[in-house]
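You will see two complexes here that share chain A, one where it goes with chain B and one where it goes with chain C.
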Partner chain A sequence: MSIMGTRVVRVEDPVFLTRGATYTDDLTDERLTGALHLTLVRSPLAHARITAIDVEGAREAPGVVAVITGADLDLPPALLFPAANKAMVRPWLATDVVRFVGEPVAAVLTEERYQGPDAADLVAVDYDPLPAVIDLKAAASDEVLLFPEAGTNTALGFGVEDAFDETLFDGCDVVVTREIVNQRLAAAPLETRAAAAVWGDDGRVTIFCSSQNAHIARDEIAGWLGVEKDTVHVILPDVGGGFGAKIGADPEFALVAALAKRAGRPVRWSESRSENMTGMGQGRAQLQTVTIGGSRDGKVQAYRIDVLADAGAYPRLGTYLPAFTRMMAPGTYDIPKVESRARVLVTTTTSTVAYRGAGRPEATAAIERAMDLFAAEIGMDPAEVRKLNVIAPEKFPFVTQGGVEYDSGEYAKAIERAQEAAGYAELRAEQAARRERGDARQLGIGVSSYVEITGGGAFAEDAAVEVHPDGTVTVLTGTSPHGQGHATAWAMLASDHLGIPIEKITVKHGDTDLIPRGSGTMGSRSLQTGGVAVYQAAGELVELAKQRAADLLEANVDDLEVDKSNASIVVKGAPGSKSVTFAQLAEQEKLAVSTTFDSKKPTFPFGAHVAVVEVDVESGKVTVERIVTVDDAGPVVNPLLAEGQRHGGIAQGISQALLEEVVYDEDGNPLTATFADYGFPSAAELPSFELVDQATPTPINPLGAKGIGEAGTIGATPAVQSAVVDALSHLGVRHIDMPTTPLRVWEAIQAASKGAK
Partner chain B sequence: MIPVAFDYERPDTVDAALALLAEHGEDATVLAGGHSLLPVMKLRLGAPELVIDIGRLADLNYIRVEGDEVAIGAGTRHRDLEASEVLATEVPLLPAVARTVGDPQVRHRGTIGGSLAHADPASDLPAAVLALNGTVVLRSARGERQVPITGFYTGVFSSVKEPDELIVEVRVPRTGAAGWAYEKFTRRSNDWAIVAVAVVDGRVGLVNMGPTPLRASATEAALAEGASIEDAAALADQATDPPADTAATREYRRHLARLLTKRALTTAAGV
Partner chain C sequence: MSGNTVKVDITVNGEQTSADVEPRLLLAHYLRENVGLKATNIGCDTTSCGACTVLVDGESVKSCTVLAVQTDQRSVTTLEGLSPEGGELHPMAKAFREEHGLQCGFCTPGMVMAAVSLIEENPNPTERDVREGLEGNLCRCTGYHNIVRAVLAAAGQDPDAEQKREAESDASRTAPGFSTGGAGA
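What follows is the complex of A and B.
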């Protein structure tokens, strides 16, 4: 029996559950002996001119080795996202102007870690406050400019050159338009950001850091430091969650390296939770205006989405993500006319980066809300409207109005199956009964249909597989697991070809000297690129082994096969005849293969979610009762891992719908910078998840696999939001922005009842 | 998240703790469960020069019946309130309230004395003790005094407790079979209350409806005069001064106070 598709328990867990992982901050690597500790002085103001920085007091403090300001550094400010407006560069330590609460202003190096904060408190910075820019429309007005040299707050525009088509909605019986907030979220990984750097006598710097991809981190750091890539060696210890916010390097990492060079000693840095909540890149943060039009019998004819996106103070990866929102704008629907544009603006807030889903949940939330608004307007069941408009299975591959080619899909089937599993008709009956009785606890049912793009960034990935003479195997991968379970899954993929048990297979990753190339783990890309590469490498290794065995076994290569029961090459159909194991072959000559798999294209996983919520209409409190999900990412290598990905994503999706939001006051002060204030969920806020399996293979890779990592945040979020609105639809409520907090729900009910009077 | 440097003492007796407090006064802070104090210190919102750890003083950890009252040592953990058989029969409101505090980790560390001393209007136990008409027993090297909880709080994070005083005990009347209920409204299960209402024996305590825990006096008076639950609860936000924050507006808090009071009174009445 093949190991593929079986529930193999994660090989990485025993260590995590016993002695614990080794995160960057836990490293006892001898190269870091005698390291100095970096503490950053951060701006308490959102927007201000720095008039003076006095570091004298801090220099006198116990344990202080150096206090460094921007003026002391010879690193030029950097454009963190190359396609953004060229004037929007970030200094490593602010010199003239600070642009968000938490921006580094001075660096303190101390012998002991605990000495840092005391010394940092003694750095006196004089600020002349400037007006904060928080609201996206205010940013778009360009009244207050973050970068006067840029002459605009627009960091990047997508499709903004062309005017909208005035005739787009001509011929529609019904047109609905609405402004929707897709709120700002904090990634909040349990491991905060950390880095440690040491320069060797060879002039190279080794940087240990918490990242989702060593190679991108290396390239970025080298670029920022102005050195050759080869000068930088990045090593990733265990990484405690990233959710997109740890893609590549953070500016602080380069600062750690620069300061280590300056000090002539290793330097380490690990931020506190408070720093993380303002310093780490955040996600989402779009203001969307959607317009949808169609016929009274339910056919959608045209859809438009106009996005204002928040880049934060210094454009980073978040600046690009509205491109994904535009690409996926029409979702699963066959809509004749679709238009979109996006303007990305700088504001005096924390920069935005990727966050689980990264541009696609924003697209799905918009189209799904639009479908609901349309359904409500024509008085049709939201599931029916969806099924009427999804792309038919025979139309694949389907080129969308978003300009991409969907590989495969069974969208209506997914909705049907989710409805069936949820007992949709019974739920509607129960809802009607509660409405009839006027219960305090009303039922809401939300349906979402989604398609997303995975592996949409880098299509190629490398893998190397080597069998050692002792029968063990080393797999090198360019992906970068930080919770996903690649050590287990990649071992399964190699084992499937070799017949060598996974206990003997070690998967290595995240070291730029050991592994020359790699694109890391993000965008749900790993299995469909890196996993396939490992599978392919193991297959190639079998071919190599057969060639070497042919002489030994005095047989034709074509007559040889792998005997998986004892990891050997044998002659087909000749049981008991001569055989040679992979290990024996490795004894004679190094038995290793490296390969590259290039899918050349992304894949488009899809699914449908049904959420059932109870809303206490007296208090506004929402409880998620059920979430039923069909997530189709093609054939599954290990259901345990795939379900884990679905669970985590669903939790984060529910949480965006109900709880989480990064909030700033009008002066740009973060109001949600602790876990007491930020609505991070716990298990108690979540129901058990009801997962329905469906597997439609993609033709673009030999495993038929698509990505599963972000399905939950894409599908669950709109399902839950819709369910909340649905619970109140009989009161006249049509929309509530996320998070649908008790306050917002109560206010929506109040407003609806006033409107009714 | 590293506090300002401080000195640390762990006296073995209450008297030794009081002597240290007498000596250091405002420069010293008592550490009980640490679940309010340590966050304050780590966020550098407070920087005591001396921390006096009373967390292991067994003398402060008891729950016992004394006449018409139950006496609770200030060092009693929330978890011990939750699990107390004495309280379950004599003052059933308290274990029910304790059960809603934070999460199990918090409840195994936090103490009733710390909770009352911290004087956070969003805390659960102060309003419960207020609804119970309890008494706070304060002791210093100068002597001991008993302060009715109704006169204990003076504002946000402040009370009549002097810097050299320790809360040593909390006394609450035995309410036995009298109707009670606790309605706590939160965003997440382990959050502080947006608003909460404690009802016992016709008295109503409000959490997070002003700078201190409050009694819904108008509601209590209406009930005493025989008003319906509905009518009495409609007065629950009178004379309150609720805060506004990201979780709630003032108006919403007023609404919740009325709603939760209605629900709590209904539960307490057993209808």
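What follows is the complex of A and C.
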């Protein structure tokens, strides 16, 4: 029996559950002996001119080795996202102007950890406040510029050159338009950012850091430091969650390296949660205007989405993500006319980066709210409207109005199956009964249909597989797990070819000297790129082993096969005859294969979610009762791991819909800069999840696999938001922005009762 | 070391430890840096996340909110103390593995310690008991689904049956929004 598709428990767990994983701040690596601790002095103001920095008091504090300001550094400011407006560069330590609360202004190096904050408190910075820019429409007005030399707050525009087609909605019976907020979120991995750096006598720097992509981190840090890539050696210890916000390197990592060089000693840095909540890149942050038009019998004929996206103070990866929002704008629907544009603006806030889904949840949230608004307007059931408009299975591959080619999909089937598993008709009957009775606790049912793009951007990945003479196997991969379980799944993929048990297979990743190339783990790419590469490498290793075994076994290569029961090459149909194990072959000559898999294309996983909520119409309190999800990412290697990915994403999706939001006041002060203020759910606020399996293979890789990591944040978010609105639709409520907090829900009920919608 | 120090004697995982420490030293840092036990993680600075949960005299506490000096002459158990080196996994750790109750692993040491304490206090918890009992421990990876299953399994319950019972129950549940209702508006 094949190991593929079975619920294999993780090989990484015994260590994690006995002595704990080894994160960057846990490192006892001897290269870091005597490391100094870095503490950053950060701006308390959102936008201000620095008039003076006095570090003398701090220099006298116990344990202080150095206090460094931007004037002391000889690193030029960097454009963190190369496609952004060239004037929007970030200094490593601010010298003239600060542009967000949390921006580093001075660096303190101390012998001991606790001495750092003591000394940092003694750094006196004089600020002359400038006006904050928080609201996206205010940013777009260019009245206050973050970078006067840029002459604009627009970091990047997508499709903004052309005017919208004024005839787009001609011929539609019904046209609905609405402004929708996709609020700013904090990725909030449990491990905050951390890095440690040490320069060797050879002039190279070794950087240990918490990142999702060793090689991207290496390339970015080398670029920022102005050194060759070969000068930088990045090693990723265990990484305590990333969710997109740990893609590549953070500016602080390069600063740690620069300061280690300057100090002539290793330097380590591990930020506090309060620093993390303003310093780490944040996600989403779009203001969308959606317009949908169609016929009274339910056919959608045109859709438009106009996006203002928030880059934060210094453009980073978040600047690019509206491109994904545009690409996925039509969702699962066959809409004849689609238009989109996006303008990305700088504001005096924390920079935006990827967060689980990264541009696609924003697309799905918009089209799914639009479908509900359309359904409400024509008086049709939201699930029915969706089934009427989804792309039919026989139309794949399907080139969308978003300009991409969807590989495979069974969208209507996914909706049907989610409805069936949820007991949709019974739920609607229960809802009607509660409305009839005028219950305080009303029932809401939300349906989402989604498709996303995974493995986009970086389609190739390398893998190396080597069998050692002792029968153990080493797998090298350029992908980089931070909770996904690659050590287990990649071992399963190799084991499936070799018959060598996964306990004997070691998966190595996250070391740029050991593994020459790689793009790491992001965008749900790992299995369909790195995993397939491992599978392919193991298959090629079998072919190599057969060629070597042919002489020994006196047989033609074509007559040989793997006996998985004892990891050996045998002659087909000749039980009991001569055989040779992979280990024996490795004893004679190194038995190793390196390969590259290039999918050349992304995949498009899809699904449907049904959320059931109770809304207390007297208090506005929302409780998630059920979430039923059909998530189709093709055949599954390890259901235990795939379900884990779904669960985590669903929780984050529910959380965006109900709870989470990074909030700034009008002066740019963050109001949610600790875990006491930024709420994400505990176990007590969530139900267990009901998962329905579906597997439609993609033709673009031999496993048929698509990405599963972001399904939950893409599918669950609009389902839950729609469920909240649905619970109140009989009162006239049509939309409530996320997060649908009790106050917002209560206000929506009050507004509806006064006749507003 | 700056300022005055105080000598502490703390039993950690059954072994005597002793050090001269600053009075302000957090127990979490004592465990990580003085004793060298790194499983206990620090995930926040507001006692919100519970990644640093350990047992002090058998009771779960958040070690980022306890000073090392407060545990002088007391007994502390960390994740490292649960399963003997090279031996069988502790039943709670085993259940976390079998139910896939951990992903990145950062919340795990605290979550496991909180779960050990929970079933010590309530040997036959329902799904709701587990969810409310772990309310002080945050996980960003698992959505808690499999953590809850692991704790139920470690308590000798059938997770499938318990989840079904909870799903069908009409008991009122804690609603999201209690901590950020104001800020979110």
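We take it that the second predicted complex is superposed on the first by the 755 of 757 C-alpha atoms of A that agree within 3 Å, B and C clash if a C-alpha of one lies under 4 Å from a C-alpha of the other, contacts with A are read in each partner's own complex, and residues count from 1 in each chain.
The rule is short, and it goes like this: contacts are C-beta pairs under 8 Å (C-beta built on N, C-alpha and C of every residue); 3 or more make two chains touch, one makes a residue touch a chain.
Because the structure is predicted, anything quoted here is derived from the model rather than measured.
A.B. asks: Tell me which partner A:Q484 touches in the superposition: chain B (first), chain C (second), both or neither.
C.D. replies: After superposition on chain A, A:Q484 lies in contact with chain C alone.
A.B. asks: In the superposed arrangement, which partner chain does A:D121 touch: chain B (first), chain C (second), both, or neither?
C.D. replies: After superposing on A, A:D121 lies in contact with chain B but is clear of chain C.
A.B. asks: Go through the superposed model and pick first if A:D310 touches only chain B, second if only chain C, both, or neither.
C.D. replies: So A:D310 meets neither chain B nor chain C here.
A.B. asks: Looking at A:T741, would you say it contacts chain B, chain C, both, or neither? Reply first, second, both or neither.
C.D. replies: In the superposed model, A:T741 contacts both chain B and chain C.
A.B. asks: So, does A:E618 touch the first partner chain B, the second partner chain C, both, or neither?
C.D. replies: First partner only.
A.B. asks: Tell me which partner A:S682 touches in the superposition: chain B (first), chain C (second), both or neither.
C.D. replies: Both: A:S682 reaches chain B and chain C.
A.B. asks: Would you check which partner chain A:P189 touches, where first means chain B only, second means chain C only, and both and neither mean what they say?
C.D. replies: A:P189: touches chain C, not chain B.
A.B. asks: Identify which of chain B and chain C touches the larger number of residues of chain A.
C.D. replies: Between chain B and chain C, the winner on chain A residue contacts is C.
A.B. asks: Would you sort A:E710 into first (chain B), second (chain C), both or neither based on which partner it touches?
C.D. replies: Once the two structures are laid over each other on A, A:E710 reaches no partner at all.
A.B. asks: Does chain B (first) or chain C (second) touch A:V663, or do both, or does neither?
C.D. replies: In the superposition, A:V663 contacts both chain B and chain C.
A.B. asks: Considering each complex separately, which residues of chain A are in contact with chain B in the first and with chain C in the second?
C.D. replies: Overlap of chain B and chain C footprints on chain A: residues 113-114, 118, 272-274, 621, 659, 663, 671-672, 674, 676-677, 679, 681-682, 684-685, 741-743.
A.B. asks: Flag every residue of chain A that touches chain B in the complex, lowest number first.
C.D. replies: That would be residues 113-114, 116-118, 121, 272-274, 618-621, 659, 663, 671-672, 674, 676-677, 679, 681-682, 684-685, 741-743, 746-747 of chain A.
A.B. asks: Considering the complex alone, what residue numbers of chain A touch chain C?
C.D. replies: 9-10, 12-14, 16-23, 26, 28, 62-63, 112-115, 118, 188-192, 238-241, 243, 272-274, 482-485, 616, 621-624, 626, 640-641, 643-644, 647-652, 654-655, 658-661, 663, 671-672, 674-690, 712, 739, 741-744
A.B. asks: Would you tell me which residues of chain C are touching chain A in their complex?
C.D. replies: Against chain A, chain C makes touches at 1-2, 22, 24-25, 29, 32-33, 36, 38-41, 43-49, 51, 79-80, 82-83, 85, 89-90, 93, 96-98, 100, 102-109, 112, 127, 130-132, 134-148, 163, 166-167, 172-185.
A.B. asks: Could you please specify the touching residues of chain B with respect to chain A in the complex?
C.D. replies: The touching residues are 1-2, 4-5, 43-44, 103, 185, 187-192, 194, 245-249, 252, 255-256, 259-260.
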